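Each of the two complexes below includes chain A, the first together with chain B, the second together with chain C.
Let's turn to the complex of A and B:
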């Protein structure tokens, strides 16, 4: 249990005020309009729970939810594994660790929308570098191009996201690895434990909380993926890459169906809260730790 | 204890300073510094008209003593910024560029100043009867009033490789309805595409055509040309009154989609991902036989990339012709060409409405539009033939630079922008539905029948939820091109 102290609450107070103004107020505003028919330019009419019904029975919403959960789960899993591998490799390097960390930060410093544009051109058939090298390796590629084919467009986005955010995970894990007490590791080595056993029984349990937090943070970001979808596929082909955020963008800021979009926002928000709470219950807060 | 308190206070102060600094540093739009001179902000996007007009802004500023902040942003940002300003009743934007489908929405919401009285007052300068009625009908008029003035009008014409046609012995398509045009049907168009496809000429293996598949807007723009080209429509009756929004898009829509999918077989497969300019760039690369697309591409295909100086592979090798039509169609039957484009409107919350009106009159005048057409800017080429006035189509200097102008002028007569893409506030929702299903069909995930089953179901749901069905309850107007032509003449007479 944490020791009772006034200071942590005092320190987070400014951020809390900021959050209340920028989050709670708009949330209640959205809640109010979620019970209304409101399309830009038209009168606002109270319609009760109709918007929620329209959202939950809309196949587009179900499709976007599945795509989003699938995308988030896959990218987080890949990034955790790759990130861990990279962190383990870097932690074993004696010289040049700082330079490698600086290089690792580079993909993260590119704005996601720019990364999306770059990858769109890399995937282009005929002129794209990725397409070119994959075809040199004899890998069969769809004639429509990677982003033009319903089976490969999703994976094109996965690769973009993994490229951009694996360094983020690896740096978090690296920091945790470097804080593992070296004397425990040394003691285990002296006792004859192999590297695999040391990792499995000492390192991994110690960095597990960090892994859980990194996964949760990345999941929250991936759940909200919009930018790379917008610039790379537009949610297509068809709706094969339409995430919840992309769907919400169109409903709220293109079609200006604000009542419907308000209900959609709240449903997306509730789903995120439920998923994260379940995750926290079975991971970080498991056993009251 | 005391040390902890000091650390806590310092931390709080740092957080507050950081928050305030972030707020101050957030980049606002370019501020308009109050001076004695009036400064107006024009919100536009970087479509081709923006570039030459931007180069001419100093002339306007010198002539009228009004400073102009002429912004060119992305498509969705124009709409987002404009709607945000309107909702906030902000005077931040004085003149806003309006896409064809936004006029109804903005006008119904009270976000545009009606221009009829201003046009009438300044009729000697505006010359309203010089505007092409089909263009004003499509881009500027709603419920009988004129809300904007068109600045760049787009039709859809055929661009074809005349050298390839000659090599294969194909008859050149008609440039005028005064010549023999009856043979230029959709069947013939498809036949030509198939004939060209796969042929190797001068070492280049050709695709018959190039399609555009990116959803939602680009693919809908392409497909609705086929829809109207086959005599199709979205609703039972619109824009003529009484409006009846019973969905009819499937009647000719299925044929239009079948044609579209057939043409896609003779296109580069990756064109399923193409945005508007990708198709033009591809034609410019020199391996496409025929392109049916928006009229700005008549000049854009001369460049290697959008607004990039240089010469494409098709300069001197292509020509422009009328769009195809259904078998047995004659001029005066239903329209066969989609009309789109951009117009300029006044923000009703602007504090400089008179200055904004001066800008609109200037930007849409014969003199300015001619200069735009004859300007060679950084992009290195003549870059604007999207003219909105009759007089521009007769100017000898412009005809020399843009030899397709007579074809373009004739094509307006067979165009109707409100049939190909109905200008109703719900348009974007319906476009989104169409875009998804069309793209899905293009990707081979659904059949034509499945696509239209989905389109009809979602269209009907959206129309019912938004009170267009079962019966439209809002005010109607008998919105015809004849009305607009007559209205412009009346405004010209005063």
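Let's turn to the complex of A and C:
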């Protein structure tokens, strides 16, 4: 008979063993090969920390790192601002709120790979709707097409991600807005506070934690972006839209530079761990609770 | 007067936003109904004689996507069952007990859900290869657990949290063991939670591209992968991409719309109050 105090460990154990096999083992596998020269078919030769040196000094790695961080920062900023604007707009609507929320949930139900394909179709030169209407508005577009030019290709990916996830952010913020106690807002209004003041001094402080958590969550997901890059730009033109995930995919499973890819794996993972730990600090490990 | 004007502006803003976010979806549905000669026109064709022949090609003759739809269902549903079986006990423990490693473990599960899946992919490929599992269902079922179990644990924990402790405490006072209390009290009350969690996990597996692409093979190819494979050509294949996309979107859209209340709260993992 199990003692009551042992119960929780017993219950957690199956999933824990499974996930340890699925995470710790592969990571040790990567750790081991990160110290070795290994290209598929070659002998495995111990080379110490050389792979890490090669990764950290490789302009392609630096390039992907900068692109990934820039991409993540920009999409999070746009999604927060636009999401807040949408949430504020929807929160004041009395009839049809349910329908609007139902429609807003649609983009995030689209598989990222499909979102990428749809936007690829929208970006086609001349025949794509986005390209057609932008040129109709007189916005100068590069002759090589939206996805063929380094700058516009980057923004093409940003727009795809913003399309897919802004509605989600706006629904999160909306839920938070609706939970702001209306009597506080009413009291402030009776005291003569303007809408802008109420928003700045009452609403915003109350929804701030939600905004922060939503931003962290989205940053982490944007850091992992692979699907839309793979189908829309293939990291190109050149390597100008290459995210870290896309870079690692090619090093590991296309070029089979496995020693190098293993070191890259651990570096990408370490960066993720830092961000994830910040997220955890502000969610389940919130101090004092 | 000013308030009324502001209200109109609000409706116009929200209306425009909703229209803009819906447009790509509407456009791909239109593409799935277009005769191929309307696919690439300048200006883009908004008006065309709709046809169902691409759906016919996809589902009936030759039924190109049938095999892939089947694969997607098998891959996602078995992975979901595995994930629920593994995560339900852990979720129950996190919800009902206080124990030493609880916070650490919960953080670890959450971290795994957020971690970049790509970092596990290359090792998985070689491990699965040495096990002879590449190109089989189990390779993908197992790989899917990396995000499904953490998602399941967190979503189910939230649902368990809502089942009042008093229910099982009362049952245990009446002489039920904890296990019997669990089976007779918690499971029936928590059933909707299980169903919703399972459906969400199903959607995340269904929409996944990376793992089937790296670990799968021609026999187990899901719909996401086969739809994507058409896209480097221009012509009628874009209509087939569109039908494939419509099939992929339909199930997640229905599930998310029906259970959107839980989705917004559930995916704010760790922050749900």
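What we mean here is this: the second predicted complex is superposed on the first by the 253 of 289 C-alpha atoms of A that agree within 3 Å, B and C clash if a C-alpha of one lies under 4 Å from a C-alpha of the other, contacts with A are read in each partner's own complex, and residues count from 1 in each chain.
Rule of thumb we're sticking to: a contact is a pair of C-beta atoms (placed from the backbone, for glycine too) under 8 Å apart; a residue touches a chain by one contact, two chains touch by 3 or more.
Since this is a predicted model, take the numbers as computed values, not measurements.
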| item | value |
| --- | --- |
| Side-by-side fit of chain B and chain C on chain A, or clash | clash |
| Contacts of A:144 with chain B and chain C, given as first, second, both or neither | first |
| First (chain B), second (chain C), both or neither touched by A:239 | first |
| Partner chain in contact with A:187 - chain B first, chain C second, else both or neither | neither |
| Comparing the two partners chain B and chain C, which touches a greater set of residues in chain A | C |
| Touched partner set for A:265, first chain B, second chain C, both or neither | second |
| Which superposed partner A:126 touches (first chain B, second chain C, both, neither) | both |
| First, second, both or neither for A:204, with chain B first and chain C second | neither |
| Partner chain(s) touched by A:18 [first = chain B, second = chain C, both, neither] | both |
| Partner chain(s) touched by A:111 [first = chain B, second = chain C, both, neither] | second |
| Partner chain(s) touched by A:77 [first = chain B, second = chain C, both, neither] | neither |
| Overlap of the chain B and chain C footprints on chain A, listed as residue numbers | 7, 11, 14-15, 18, 124, 126, 253 |
| Residues of chain C defined as touching chain A within the complex | 7, 10-11, 13-14, 17-18, 21-25, 27-28, 31, 39-44, 85-87, 89-90, 92-94, 96-97, 99, 101-103, 105-107, 109-112, 114-127, 142-143, 145-146, 149-150, 153, 178, 203, 206-210, 214, 224, 227-228, 231, 238, 241, 245, 248-249, 252-253, 255-257, 260, 263-265, 267-271 |
| Residues of chain A touching chain C in the complex | 4-5, 7-9, 11-12, 14-16, 18-19, 22-23, 25-27, 29-30, 85-86, 89-90, 92-93, 100-115, 117-122, 124, 126-129, 132, 163, 166-168, 171-172, 175, 209-210, 213-214, 217, 220-221, 223-224, 226-227, 230-231, 244-245, 248-249, 252-253, 258, 261-262, 265-266, 268-269, 272-273, 276-277, 279-280, 283-285 |
| Chain B-facing residues of chain A, complex | 7, 10-11, 13-15, 18, 37, 39-42, 54, 60, 124-126, 142-145, 147-150, 233-240, 250, 253-257 |
| Chain B residues within the chain A interface of the complex | 4, 8, 11-12, 15-16, 19, 76, 79-80, 83, 87, 105-106, 108-109, 111, 213-216, 268-270, 272-273, 425-426, 428-429, 432, 436-437, 439-440, 442-443, 445-446, 465-466 |
